[in-house]
Amino acid sequence: MRVTVSKRAHFNAAHRLYRKDWNDEKNIAIFGKCSNPNYHGHNYELIVSVTGEIDEETGYVIDIKMLKSIVKTHIEDHFDHKNLNIEVPEFEDLNPTAENIVVVIYNKIKPHLKPSLDLEVTLFETARNFVKYSGK
Amino acid sequence: MRVTVSKRAHFNAAHRLYRKDWNDEKNIAIFGKCSNPNYHGHNYELIVSVTGEIDEETGYVIDIKMLKSIVKTHIEDHFDHKNLNIEVPEFEDLNPTAENIVVVIYNKIKPHLKPSLDLEVTLFETARNFVKYSGK
Amino acid sequence: MRVTVSKRAHFNAAHRLYRKDWNDEKNIAIFGKCSNPNYHGHNYELIVSVTGEIDEETGYVIDIKMLKSIVKTHIEDHFDHKNLNIEVPEFEDLNPTAENIVVVIYNKIKPHLKPSLDLEVTLFETARNFVKYSGK
Amino acid sequence: MRVTVSKRAHFNAAHRLYRKDWNDEKNIAIFGKCSNPNYHGHNYELIVSVTGEIDEETGYVIDIKMLKSIVKTHIEDHFDHKNLNIEVPEFEDLNPTAENIVVVIYNKIKPHLKPSLDLEVTLFETARNFVKYSGK
Amino acid sequence: MRVTVSKRAHFNAAHRLYRKDWNDEKNIAIFGKCSNPNYHGHNYELIVSVTGEIDEETGYVIDIKMLKSIVKTHIEDHFDHKNLNIEVPEFEDLNPTAENIVVVIYNKIKPHLKPSLDLEVTLFETARNFVKYSGK
Amino acid sequence: MRVTVSKRAHFNAAHRLYRKDWNDEKNIAIFGKCSNPNYHGHNYELIVSVTGEIDEETGYVIDIKMLKSIVKTHIEDHFDHKNLNIEVPEFEDLNPTAENIVVVIYNKIKPHLKPSLDLEVTLFETARNFVKYSGK
């Protein structure tokens, strides 16, 4: 019996879509207003979903308090109220599109889970635009 | 690294569940108040989800502005503020159940995506009733 | 101690914005696609709010089961899966704008409440467009 | 063409995380405030998703009125306004974690569906914590 | 320039509608399944709204971190994962209807605000049933 | 019959809480992580509510297409994908707290409404923190 356990989390951050190896004109031509050099920002909302067998003793797939703590330590404390381009090292040479952010988040959480657990991360940039990654 | 990118959209429309080859009595016997000959309507909410590899240059699976434009041109402009039974040719001989609508929407979007991209469409008839189709 | 008690309800309906004393051209010139002669529709969501003193014996301002029943009998059963223009007598000579609908709903509920209770009705035509009326 | 049809439902219930074969101290050491001997409670929100072929005659995968009725009879009437530990027999010897509840719900609904239909159940314990089970 | 600042909060609790001076039969006759002697529960969601002048120096009506802290200390820590009837002293002789709970919450928060600030509290027992109190 | 008509809108922006006449240390001491010199950001969600008499001819308090257009021209086009501190002139010498932003928005919309119409603006900085201003 494999069950998926999901936990929502969130962080607020500034970013711009930007490649260092392109000048501002090219960045704006490709990324439009999302590449504003003065940045814009989002309330990023996150769903972290872990799939595995139910532990017969506890009735848990994973203690959700532990999952919440992993997400707080490795994601929220790392991204919240930050400028992703300037202050989050993973984006020093990586364009912080929603697609790239969700892969970074997946890679930061996965090592803290038991290998038998599958992970899927959904990231809402807005309520109407969102991305999902499960390591495949 | 295959990531899923999702975009919400919406349209308001009137419809009735109805088969032309049945009379009103049979339609109402099977479909109940959903077959009211004077129509009823919904705020249809749509999630269009596209799965593919992240493009290394842009960091996008698909430019979400392009996805939004495809959905606007081929779905919203086609269905919004319309009577599905009377004004949308796809339902001339097809009962506009949520199931049939979501398949029609899938088939109208799919040709406008690169063949390497997978598509899944979720259609909310109300916040509590919804359907999903991914071409399988 | 006056407390406000609110109950959500909903109905799905078709309508068009339309004045009988104008022809279709003038209706469409003023009301745009909302005046489509073949109708469109909405999931109308309703918040019915009743304000009054807390009854010391029950701890209720109004038994919310009774409020739910009033709304079901006088609003949901009357509007749900209907064509507002054709099937709801209140709109025989009244244009079913959101503003006019919320006043009709207020007037249909108010007589069923004790006179000491104040009423406010909020009507969502969509999640992004809504109206409110409190009898003033 | 396999389409997934989903229906939301809900019930309010009290519970505590608790194993009868552990004493209160051990239960509280493992489950924290969720094991409060006086119980706490939730508004459980449920999504029941059924996947199958569209019936050519009706345009339905399943008549959603029938799905609603199955969920009402076998889940809502059985769990709503109940104390899960004391009043729901399935939890007499089973700790009512979200994971165990969602498996119980799946097992109670599945026999009432045609064998050709796949079932997935999502259970929200809160808007931020939820679980999903599809019988695998 | 008086502005209203609102903060959402939440707690999960068990309760039953119950008057000690009535027997179980009378409680159940009046309060129905909400008076189940084994309790049921809710995810209570709270909006705390404070109205006052904008402070010219900070641009705040109230530092929302301070408002969050007041609500956490005096409401969330006091009600969360509790049985309201048994464990919250305010309800020792007071029926924990939504109306009575919102007044108790108002009275617990008000003394911690500067007298120049107005307070309004909205309490959601479910997403469809909620109450509001502003001390009038 | 005075009815309130509300329209939701939204913009994404970067900002920092900051007074030019204080140094970074003092700004951070008072405003905490909200004063990060590299900025953070939000999906700001807006409800613009206009109250007035129903026009007997149209059944409108205000044509919601016109209200949408006013909000688009004077707010969304002005704030969306901008850095509020750097790019929005109103905040050149005004700390962009939610309170100050909502007053600025009110003042930008009010002159475009007929004087007989009352205006209230609600601004969500996040789903859990929001402010409201009605010109009083």
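Should a chain be cited, it is by its letter among A, B, C, D, E and F, assigned in written order, with residues numbered from 1 in that chain.
Simple rule for what comes next: a contact is a pair of C-beta atoms (placed from the backbone, for glycine too) under 8 Å apart; a residue touches a chain by one contact, two chains touch by 3 or more.
All values derive from a computational prediction rather than experimental measurement.
Of all residue numbers used at the contact between subunit A and subunit D, under half are used by both chains, marking a mostly different-residue interface.
Copies subunit B and subunit F of the same sequence differ by a rotation of 180 degrees once their CA atoms are superposed, given in steps of 5.
Most remote chain with respect to subunit D, judged by CA-atom centres, is F.
The greatest centre-to-centre gap from subunit E, using C-alpha centroids, is found for B.
For A-B, the equivalent interface within A-F, A-D or D-E is the one where over half of the contact pairs agree by residue number, namely A-D.
A count of contacting C-beta pairs for C-E and for A-F identifies A-F as the more extensively joined pair.
With centres defined as mean CA coordinates, subunit F is found 29 Å away from subunit C.
Put simply, the C-alpha centre of subunit D and that of subunit F have 42 angstrom between them.
Counting partners per residue, subunit B has 127 as the residues that reach two or more other chains. Applying the touch definition to all chain combinations yields A-B, A-D, A-F, B-C, B-D, C-E, C-F, D-E, E-F.
Within the complex, the subunit F residues that touch subunit A are 10, 12-15, 33-34, 36, 38-43, 80-83, 86-87, 126-127. Residues 1-8, 49, 54, 57-61, 64-65 of subunit A touch subunit D in their complex. Of all residues in subunit C, those touching subunit F in their complex are 17, 30-32, 94-100, 102-103, 127-133, 136.
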